[in-house]
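Chain nomenclature is as follows: A, B, C and D, assigned in order of appearance, with residue numbering initiated at 1 for each chain independently.
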Amino acid sequence: MDTPISFTTEFTVEWGDCDPARIVFYPHYFYWFDTCFQHWLRHAGLSQALLTERHGVVGTPILEAHAKFLVASTDGDRLEAEARIETFGPKRFRIDYRLTRNEQLLVEGWEVRAWVAKVDDRLRSLPIPPEFVAALASASNDAAPPAVVRPDRP
Amino acid sequence: MDTPISFTTEFTVEWGDCDPARIVFYPHYFYWFDTCFQHWLRHAGLSQALLTERHGVVGTPILEAHAKFLVASTDGDRLEAEARIETFGPKRFRIDYRLTRNEQLLVEGWEVRAWVAKVDDRLRSLPIPPEFVAALASASNDAAPPAVVRPDRP
Amino acid sequence: MDTPISFTTEFTVEWGDCDPARIVFYPHYFYWFDTCFQHWLRHAGLSQALLTERHGVVGTPILEAHAKFLVASTDGDRLEAEARIETFGPKRFRIDYRLTRNEQLLVEGWEVRAWVAKVDDRLRSLPIPPEFVAALASASNDAAPPAVVRPDRP
Amino acid sequence: MDTPISFTTEFTVEWGDCDPARIVFYPHYFYWFDTCFQHWLRHAGLSQALLTERHGVVGTPILEAHAKFLVASTDGDRLEAEARIETFGPKRFRIDYRLTRNEQLLVEGWEVRAWVAKVDDRLRSLPIPPEFVAALASASNDAAPPAVVRPDRP
């Protein structure tokens, strides 16, 4: 996949997401990272439940997550969230996120997700099926669909 | 500070912390990172409220956070959490975390926190006061107190 | 106020809102109750921060909350939330909530909120100002503004 | 069951549980209600996972929840939580909760939980098995075990 694929959605910072410093309690940003990915799944006609039904995967477990918090946000702020996938590894993929408010970058980060299914009652890491990649690409902001699946980055 | 300082506390994974994949919904691990630091503050005779009262800081805002998820955990698991600070920068510090279950490492990660106070109604990054470092050191698992404050790592 | 006032907003049930039983972990419904009220505030040109600035109130503390869970909901469900206020007491008011999915009632409940401000460094329950009532009424789904403020219900 | 059964556990209010009004964001109290019940299950040698395995129940779904908030609590407060069951209905039971801080009552409320299992791929409300009642009673603060199962209260 030479052309990255991406997806954009929106969130509102709510009162209950903020801490006594009057800014977002930072774990909530990871909730928005995850939720941005879930929105992408839905726009691709998928859901975690459908992935389980079709592929036996249980969630799409996070191997690693990172975030850099540049500017704080608070109750009532409207966040635009962009998720972007540059390449898919055979058994995992990285999603880069950018949260902006009126085009100002607030938070950037990423998740590495695995493709893990239950085989004979044990969880095993399995190759990402091409139809999953194609479904995410079909819901991408960008026109060109992903071309190939690349080896996992170290 | 040549000797790192550290602090250990415990958490239980609760039903409401887990997602439909029956494992912890990953943003909760960052809640435990943050909460581990809050426990350390309390064992040092401090709290966010006291830091505000004494130093004018509002929270100890997170600049960056990272986690690597090695083994999943679920409802009822008992987690031991260790926080460790190697050095303090002049205006920020990094806390490394390790979450284990029966001595098996489940999650490791870190936060970078800033020392930010309201000065003339504006938030400003300020030097970390030595008494804050001394207080955390006094509640450390390790005997030796931190020696010096080092320059911020890039 | 003889005519009730009401406000409608929408939420999506996210993966992270659901528990291992694959349905919403019930405390989240109260998050949506609260958030529905915050949306109403914003559509009325208000926010908790503005209420603090103008009236000295700190939040609008909940005295009591109730919910009846009729039908479960899960990841991806679109919830329509309706908040309704029948009357305002002098110092508190009750908001009734209905959460529906495709017009099917899922959850109904209510909150009683107080009007509490810091006076001489102590929290005191104070009369709800008419301009607050008028602001919520101006953002109501219904045409007629609230008429009068009634005594608190026991 | 003429003698009520009860269970006591403890929680700490954390920074991330509090909102910009510097008090607990109220939905978290329901998290503690639920978690108090989960602690009771564990002290009775049970868990939601074991209930599923043994009885086919999926969670113990909440039909109704209520709370009255008398005194606010904040970051660092130690809460003692008591759960109490007066009687079990045939297919549901009510748990009364009291959260106290240094013996001062902060929050009181209750949940009604159903016994619901998947039968032929459909959720059905089923009679609460006596061994479940006996297990909770065995972990009760009180000596006398529950005697009989009463009809559901309206």
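We adopt the following convention: a residue touches a chain if its C-beta (ideal position, glycine included) is under 8 Å from a C-beta of that chain, and two chains touch if they have at least 3 such contacts.
The model shown is predicted, which means the values in this text are computed figures rather than measured ones.
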*Tell me which chain's centre, taken as the mean of its C-alpha atoms, is farthest from chain C.*
B
*Fit chain B to chain C on CA atoms, both being copies of the same sequence, and give the resulting rotation angle in degrees, nearest 5.*
180
*asked:* Regarding the chain A and chain B pair, does the interface count as same (over half of residue numbers shared) or different (under half shared)?
replied: same
*Report, in whole Å, the distance between the mean C-alpha point of chain B and the mean C-alpha point of chain C.*
35
*What is the distance, in whole Å, between the centres of chain C and chain D, each centre taken as the mean of its C-alpha atoms?*
26
_Averaged-CA centre spacing for the pair chain D and chain B, given as whole angstrom_ = 31
*Using the touch rule from the top of the page, what residues of chain A touch 2 or more other chains?*
15-16, 19-22, 25, 27, 31, 34, 48-49, 59, 74-75
*Any idea which chain D residues touch chain C in the complex?*
19-23, 25-28, 30-31, 34, 48-49, 58-59, 61-69, 72
*Mind listing the chain C positions that touch chain B in their complex?*
15-16, 18-22, 25, 27, 74-75
*Would you pull the chain C residues touching chain A in the complex into a rising list?*
14-16, 22, 31, 34-35, 38, 42, 47-49, 59, 74-76
